[in-house]
Structures are given as C-alpha cells and as structure tokens.
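Multiple structures are listed underneath, in structure tokens.
Each of the next two complexes has subunit A plus one other chain: subunit B in the first, subunit C in the second.
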Partner chain A sequence: MVTRRTLIKSLGAVSVAAPMFSMPSIARGQSAGRVVVVGGGFGGATAAKYLKRQNPALDVTLVEASGRFYTCPFSNLYLGGLRDFESIGHSYDELTDVYGVNLVTDWAEGVDGDAHTVTLASGEVLDYDKLLLSPGVDMRWGAIEGYDESAAQLAPHAWKAGEQTQILKAQLESMDDGGLFILSSPENPFRCPPGPYERVSMIANYFTNNKPNSKILVLDSKDAFSKQGLFEAGWRELYGDMIEWVSLSNDGRVVRVDAENLEVETEFGEVHKADVLNIVPPQKAGAIADAAGVTNEGGWVPIVPETFESQQVPDIYVVGDATVAAPMPKSGFCANSQGKVAAAAIVASLAGQEPPAPSWVNTCYSVLAPDYGISVAGVYHVADGQIAEVADSGGVSPADADSDFRRREAEYAVGWYDAIARDTWGTGA
Partner chain B sequence: MVPTYIREKEDDMPKAPTASAVTLSRRTVIALTANAATLALTPLGALAQGGGAWSRVDEALAIVGDADPIAEGVVLDLPAVSEDGSTVPLGVSVDRPMQQGEFVKAIHIIAPGNPYPLIATFNFTELSGRPEVETRVRLNESQTVIALVELSSGAMLVGERDVRVTVSGCLARADTYDTANLFTTRVRVPESLAAGESGEVLTMINHPQESGLRESMDGGLVPKRLIERMDVTLDGEPVFSADLHRSVSSNPYIKFFMTPQSGGTLDFTWTEDTGETAHESAELAV
Partner chain C sequence: MGIMKPIAGTLAAGTILAASLAGAVQAQETDASVLAGTCANCHGTDGVSPGSIPSIAGQPYAVLIAQLQAFKAGEVPGATIMTRIASGYTDEELEAIARYFSEIEQ
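Moving on, here comes the complex of A and B:
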C-alpha cells in the first residue's frame, strides 16, 4: 500500500538525485537582495513599503499596470452616492519618494522561476532574488455562458475598481425610476464575501434618494452569505422590500447571460430581465500567477502559511486574493496583513534568518446606509501547519445593536479606510 | 473522534519549513509538499497500487464485500479546499461506456470523516446513458472522500480524493432553514434529444435534509428528517434513482444524464423518511 510517507520518501530520493533548486541567491547581486513585486494593490503596495522599511538596502521594484490605484473598498459607497470617485484613488508617490521603491508602470507578462526573471509587456526583463506577486483576481470569462469581456461592457462586473465601476454608476444614473437592478453573485471562493450585499445596500440607498420606485434582485449561487442575518435585518429596516434575495436553492444561480438584452437565465430555466445588470462572475488568481506556475487546478495559489511562499515554486511569494488562505477571507485588510508577513519573511530569508511567527488580522466593515455599518472580524495564526482562526478572536456585530451602535460602526468603517489607505499607499481618503 | 488513518495522514504531511533548515532541504520540503499534494489528488489508479482509504472504512468494506476494487477510471470531482462544509459540490464520472453487458450499476459516495459516512448511492440503468452524477454534500472535516463504483459484471472501481474543509472568516452564517418553500421541486430536462443522444437532467427539492445531528436553539437536537430517495422513470421504466442519507446537503440537488431511444413522460418522485412524497413530471421529446 502506498502511504503518503512512502511517496514522500521516494520523491525525496528523486529530488536529491536531480536537484532543481538554485543556490541561495544573495550571492548573485551586489545589493542586500533584489525583490520584484508585481501588483500595487492592497497586498503588493504594502509589501513593497514594508520591505523597504525593514531593510532600506534592498532593491525593491514594483511593477504595476496602472498609474493610479482605485480601491474596491468604498467603491460601493461611490455607487451609493456617498463619495466621489477620486476619493478612492491612490498614487504611488509615497512608495517612490519616501521609501525609494522603483516603480515600473507596465504589465508583467511572464515569470521564469528557474532563471529568476520577470518579463514585462515592454520586453524588459527584470532579475529577482525574491519575487512577490499580489495580482488580485481575474474573472473566469465564459464560466457563465455568454459572459465575456465584451459582455462586461454592457453588464459590468465592477469587481475591479476603475472604468468598470464608472460604467455601472453611469448606468444606474441613466436608469428610469421604477427600474430593476439585478446583481448575480458567485459561489465561494470569491473576492470580498460581503461585497455583493454591501453593493446592493448602497444601490438601495441611491435608489431611495433618487429613484424610490426601483427594485433590486440578487440572484445568488449560494444558500448563505457573509453577515447574512445582519444584512437582511438592515435591508428590511432601511429599505423595506426594495431588495429581494434569491438563494441557490430557490433557483438563484445564473447560468447564462444575454448582455445585449440585459437578460439572465437561471439553472432551472427562469429568465429575468434587468434595466441595469451587474454580473459578479466566478474568479481565479490574476493571470501572472498562472504564468509563474504557482496556481493549483482550481486556479488559486497554495502557499506555505508561515511565509506565503508558493508551495510550488521557490522564491516566489504570493499574497492577497490570489492565494488559498482560507479561513482568511479575500479582503483588502487580509492582503495588507499578508503583505507584511511575506515582506518580513523575505527580509529574514535574504538575511539568512528565520521568519518571524506570523499572525494576521481582518475586519470587514460593510456600509448599509450613511449612518449604518456592520462588521465581521477575526485574528488568524498557524496551527498544525494550517492557517486557523484564533479561538474566540472575532465575530460579527451584535444583532440587537441600537442605531447609535450602527452609526458608530459606519464611522469606524471610514476610519478603517483612512488608516489602511495610509498604511498601504501613504494616502488617506 | 478523528479516525486513526486520517491522523496518520496528517502526521505524514511534511511540516512547514523552518528557517533553520538549510536552503536546499527547505526547498525540497516545499517542492515535496506540492508533489505529494498533487499525487494525493490523482485517482489511485495512477499509482497502480491497491489499498486506498476505502480499505480502512467499515461502510466501504460492507459495500465492497468480496470484490477487489480497482483504482481506475473514476474521477471524483471536489474542490481541493472548501470554504463551506455544508454544501460542497461533488461530481463523479466513470470512464466506462454504458453498453449492454457491462454498465455502471451504482456509485456509492462515502465520507469517512463524517458521523455517518455513507452519503448517497446513485443507481443507473441502461437508459442512464452516461455514468456521471453531480450533487452537493456535507463534509464535517478535512478528509479523503471515496467513490465506489459497482459494474453490472460485479466488478468494482474506486476513486478517492482529499478535501480540506475550512470556514472562511467572512462567511459566518446563521444556521437556520427557511421552510417557506418546503417540498418545492424543480427539474430541468433537455428540450429535445435525438435517439441515443445523451442529455442532462437537473433536479432539486427544497428540503432541510435534517441530519438529526444539528443543535436547535434550545440546545437539543433538531429531529432527523430526510429525503431518502429519488426515483426517475420514463413512461414507467426506471431511468435513475438515488438513495440519499444524512450528509446530502439541504435542498438535495442531483444532476444526471439519460440516453433514451424514444420520448415519453419523465416522472420524478422524492420520498421523505416519513413516507411523504413529492412528484414532478416533464415531457421528453426524442
């Protein structure tokens, strides 16, 4: 019988006979080490900054496709009419000017894990000793029949902030009062588990103020969702019956999209027609993770919990939404927290030291109305080689809180955003 | 609580690297973790060895009897990591033609780490067409899920697959069941099929599928209440049936295939453990 132990032993023999690992890389460069970071979002920008903070002698290059980063967090508040678009945009000035990170505004196309190089769209090739990827998610185009990149121009996902968010906002603004907004929400895992429900809350806020006869339908591929009890109670209290949620077992799963006609078809054949259609499709790790060979068959990146180094390719660290880090959710807060852990592990490894024992925190605020916030929080550590939630570390807002409590949580949400934006990009809101 | 063989497995997992290890061995450990994980996911047939997890599970041994299961041709499709053990999508397909003589008679699904390991048995006929089924199941913990396949010849195939179950931090949920739509049934059948063409059939019934193990608000247990069986016939001829147990997710969902030679009326019957039944029918044009 083949047990895991025999397998490992025999594989061990093979590996020793044909070593496939490069020598410790410090020997290669003059600096304390060359680190390339791909992705200047929550995970990558944080990692770049903390790498330089912990060891200013490191040569850190950040490759980011866009010159300015718009956050998904609070993009729902923009849709709800609570913020303007520029308030969720952040520049990389602090990283370059204060911390001395080299910023390359380009698209990373390929990674050669053996040669330790990253190839950019421009053709430029960057050498690294350590590579950190925080590419976020990509949509699984075609996972829902008819939903591809061109369909997303008509029925936006708005699950990456930027042009997509603005398309959705413009559509909501030009919709007539009395219209129907449909959001299709995916199965787990996906970016920001409470995000779809915060979004419909914010759109309900916008409708209530501007188009009060409009309706919202959530078609869900799940039977339960994050902070469900709190959301549903909040919806009733704030928006009456404006929002209807259809679960998986009530035929909520969308299997086909007709973006031209703003129609969706569910698993058991019901067709719904929207005035504004928002499809949040199934997702996977950003493309560069595939190119680097660090994804699993599910399209996500398995990592070593202590360091967030890839389980599959040495010297490549991956953080944020792209990773399999459950029970940590795919949140900006987690990406930021993981970015710090990976930065510390890289700094330690390049100095020939042990990585510090990690722990991570997460709080996800959701804003249901300008003065109504709810939250879920957790603290995570490594137990038995796996990431686990620290017992009794977190939880959700109380179900019976008064309006004052909800108002304060909405204020904390703003405080949270300000703090994390400062920590990540050095720019508040 | 944890069956011994699972604990053994976990002990066998290479420990996450410590930085005191020299670079080479540390890398080795990482690479091996990946390789071992990949191998554990391939059907055991790829290893050309007998004696998988099934051989240590009473419920599996009871089904296997005197047969000698071959780890070959069974693809058990489950997410490697599931963030919600209460509904884990599960698919099984068997690489065997459904021909006269030797067809797949039944597929049994077993989760040894669950309090009641046998999850379901799916029964096929020559009308079933493709030996393939999808459903949603409950998994109590990380474990190796087993699919035992019975062929009409009496031979058996087996497929196994490791699943890690975690609960994602943002997914904390209230564990209640809304009975508003109890016994609502849904089916979806192909609009039309050519004779001998195989088509997909989707079924779902709204039902809590109470395992009898769930705590109620007052601290007691919510009584067991299960859809135990689903039967599908075409003009009275059996096409497909399923025996469902406690670890089938609430709102039992089953997708299967059929390859009819002629059209007719498809009848679906769900039977609860109380004896109560629900029906649905659909016309199939061939």
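Moving on, here comes the complex of A and C:
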C-alpha cells in the first residue's frame, strides 16, 4: 500500500535529482510550518531553539510536562556535595521570551500520525506538519522482580533528576558512618553509560568527607563499562578500596529487589543488604514514543540516520535517549547534537529542500573528585547508510595523564555544563 | 500500525533510487552551521563561551584554521580534548568550520 504521504516521501528523496517531481512543501496550513516538540530536555529544548533560529517564521510549540527542568548531568555532583540542587535547574524563559516558542506545560498523551495531531492530558489537540519527540527514557518497572514505582520511593533510581535525586541525597545524609551503599547497574543500552560509575565516585567523595568508614558496592549486569580503566585507576588513587565493583560474571546481576528491607538478590542467589539502595533499572523510550507507534520490539525508536525521522511513521522525528542511534551513546550531549540535526532537516523539508549532511559529536565528562575529571569523545557521520564513528578520532582521556591534566578536565567539565545548559535552555548553571 | 511496513519499504526504495543517482548529484550538501553546531556544546552558542572553555567566535580565519590543524596533527601540548575532536574532520570540513566561526561577530 502506498499512501499519498509515503508517495510524497519517496518523491522527496529524489527531488534534487528530479525537480519536476517536487511537491508543495507544506501540504496543510498557511504558516511557514507548524512544528510540535514533545519534551523540553536536552534534545527537545535544543531542537525548539534551533528551529526558531533557522526559521523564525515557523510556528513552534513545545509540550513539556514540568515547568522547570532538572538535568541528570551534574546531579551526581549534587549527590557528591559539589553543587546545590538549584544549580542544575533550568527554566524555559529564553525559549519563550527570546525565540518565541509557544510553551505548553502539559503531558502529551497520544499521537495520531495520519491525522498529524497530538492530544494532551488536558484534552487539547495540537495540529502539526512536523512532530519532534524527545521524551527521554521510562523505567521498565517489573523488569527486576519487586522493583516498581512504589519501590522506587524506598530504593530510588535517581535516573531522572528531580524528586528522585533528592530522595537519594536525603538517604545518604541520614545514613550512619560505616554504612553500605549499593548501586545496581543495568545491561546495555541505557541512559548515560558512564553515569553509574560517576555516581559512585561522587558518593565516595561525599563519604570520604563525611562518613569515611562507609563502603560502596556496585552490582553490575555487565562485564565491562564505559571508561572502565580510567574509573578503576581513579577509584584506587582517590578512594583506596572504598568502591567494589562486581561484574556480571562474578554474580553482579540483580534479579530481585526487596525495597522494604533494602535487600537485593543476584542471579545465583546471593542476598546483599544495603543501608542505602540505588537501583538503576532497565529502560525504554518514553511512553509517547509507543503511543506514536514509532518504537521497535525492544522499546526504542529506529530512525533514519540522516534526519532522525522515524523509520515507521513519516513526519515524526525522534531524538535523544529514546532512539536507536548506536554507536552514539544515550547522552545529553548527543541529544543536543541530534536535536540540531533534526531541526535542520525539518527546516529544509518544510522549505522543500534536501536535508544538509549530518554531523554529530559526543563528549561525556565524568567528575571523579573536585579536581579529577576524565572524558570520552566521539565524532560521528553517516557511512553506508549507518551512523558511524569517524575513523581515528575520539577516544578516552590518556591513561597516563598527570594530575594537572585531570584537574583541567574537571574544570572543563564545568565549562561544558555551563555551555550546553546555555545552548539548550539559555540559562546559566 | 498497519502502514508501518509499506512506509519502511517505500523509504528503502527511495534510498536505493537516490543512491543510484549519487553519481550524478551529491544528495546531501555539507552545511557549515551543522558541522559547527556541535562545537556550541562546549564553546557556547555561536562559539561565545559562558564558562571556562575559550570563546572561538569572531577569531580571524587564519588563527582558527591554524589552531584546528594543529589540534588535528596532535601538535598542541597539553590539549585535553581538541585533538580527539579535530581528528574527526577532513581538512575541507575544518576550513568550513573555521570560516563559519570567523564570520560570527563576537
């Protein structure tokens, strides 16, 4: 079956070569185009801003559930005692006041890809020519036996920043010296591959300064993790034997959680009891992606690499953690980078033009101590129809770097945060 | 989602058609603002930095291209990250990026 829209789509793909096929770029509506963006996090806020920067005549509406956004990046530094909570909060004032984005503080419930509409929890229905989703992740409740939304009140995930992060912080503060902190880390793919390891570094920093007899146990569903060599060397140097990491092969995989008693059971039946328990569960794309029919069987969104348009439903673009974009990791940096590429593709498409060639970068800084930072970087392009890392580029910080190098990377991590926060929301840290 | 499969099929067909024409036309033009967009994540929007990483907006083209080439060649002692990033671009791409930032007013 070829619908009219898919026909336009396939013709669009060759419009440069065959101009006689070119179609009116906006099939409906009179403005330069109506774009609805769902999710005002790293991907969505960036896309909304860059859409308006490239074409101020576009009608851009951002649907975001919360009035203020708290970033996961640097939430570990808050746990570690390096910053206060409000320093990771951002408003949408720049998007509305400077760029003229319409902000709707509501929850998007449904998408009708044929009718080109988004239905909000309030009942309001928004029409779009192009829809961009950047909903981030949802937890797979129940994937680990006993770990559901109510268990997360007792054993927080803190993998979305906000109340969850504050619960974890309060538990760390009320824990006695000499206590045991356990973090359960999921298998791939998940939001922020180095995140669990930065988190335990920051909690070790907090313990060292406040509760030096405490211990940290990481129970992992993987046998290897991001920047592993650098993390393990840093842990030894900074925190001695405070942090112990248990791999999948050494029975690290948590299969059952008893949140009331702060106990976890691993695959081969060992039970560990924590004083503070942090479960980072398996994840999937945010619910609106399912509702829009753009997810695959694994719960993530396959996209066309050049544009980040859904492979399954035309005129819906998806960026950020929700997507299948490997080898790009699920990071805020990537979400921002993808948001810009999708914005450029949408602007081009609405103007009846081909999308520009895409280019993406990722850098994940991890802060192990106030003066100790490490990083992993990658530059990506499309090769043979797939997203690929540019050969001989990127990589991790040198293993043999001196303390001045590590100090400067910690300083640049803060510089990165200031820059990306300003680039995404227009607000400082 | 009854329309899922046909759309994917149509997309693939479009891609093959476009690919068969690739010799005649370059399907995707390089846009310097897309290449430069990623630098903003560390150097600030339009290369105007709010923090500890240096601003790069409005620097002379000759300075920027020399710096970028030196990073790419691994010839900047003490550089923490720019060698890893600059090595991800062709010389032509670095020239386009340098020109882009040199034309931004500080």
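As a working rule, the second predicted complex is superposed on the first by the 403 of 429 C-alpha atoms of A that agree within 3 Å, B and C clash if a C-alpha of one lies under 4 Å from a C-alpha of the other, contacts with A are read in each partner's own complex, and residues count from 1 in each chain.
Please note the rule applied: contacts are C-beta pairs under 8 Å (C-beta built on N, C-alpha and C of every residue); 3 or more make two chains touch, one makes a residue touch a chain.
Keep in mind that what you see is a predicted model, and the values were worked out from it rather than measured.
By the touch criterion defined above, A:394 reaches both subunit B and subunit C.
In the superposition on chain A, A:229 makes contact with subunit B only, while subunit C stays out of contact range.
After overlaying the two complexes on the shared chain, residue contacts for A:146 are found with neither subunit B nor subunit C.
In the superposition on chain A, A:252 makes contact with neither subunit B nor subunit C.
Once chain A of one complex is fitted onto chain A of the other, the partner contacts of A:41 are absent, as it touches neither subunit B nor subunit C. Shared-chain residue A:269: touches subunit B; no touch with subunit C. Of the two partner chains, subunit B and subunit C are each touched by A:354. Look at A:385: by the touch rule set out above, it reaches both subunit B and subunit C. Under the contact criterion defined above, the residues of subunit A that touch both subunit B in one complex and subunit C in the other are 1-3, 7, 11-12, 16, 304, 306, 311-312, 314, 354-355, 378, 385, 394-395.
On the side of subunit C, the complex with subunit A involves touching residues 1-4, 6-8, 10-11, 13-15, 17-18, 21, 24-25, 27-31, 33-35, 37-45, 49-53, 78, 80-81, 84-85, 87-89, 93.
The part of subunit B that touches subunit A in the complex is made up of residues 8-10, 12-20, 23-24, 27-28, 30-37, 39-41, 47, 49-51, 55, 79-81, 83-84, 86-87, 89, 164, 166-174, 181, 184, 186-188, 202, 204, 206, 250-251, 253.
Those residues of subunit A whose C-beta lies close enough to touch subunit B in the complex are 1-5, 7-8, 11-12, 15-16, 19-21, 23-24, 187-189, 192-194, 222-229, 248-251, 267-269, 296-298, 302, 304-307, 309-312, 314, 324, 326-329, 331, 348-349, 353-355, 362, 364, 376, 378, 380, 382, 384-387, 389, 394-396. By the touch rule above, subunit A contacts subunit C in their complex via residues 1-3, 6-7, 9-14, 16-17, 50, 54, 114, 293, 304, 306, 311-314, 333, 336-337, 340-341, 344, 354-361, 363, 375, 377-379, 385, 390, 392-395, 397, 405, 408-409, 411-412, 414-420, 422-423, 428.
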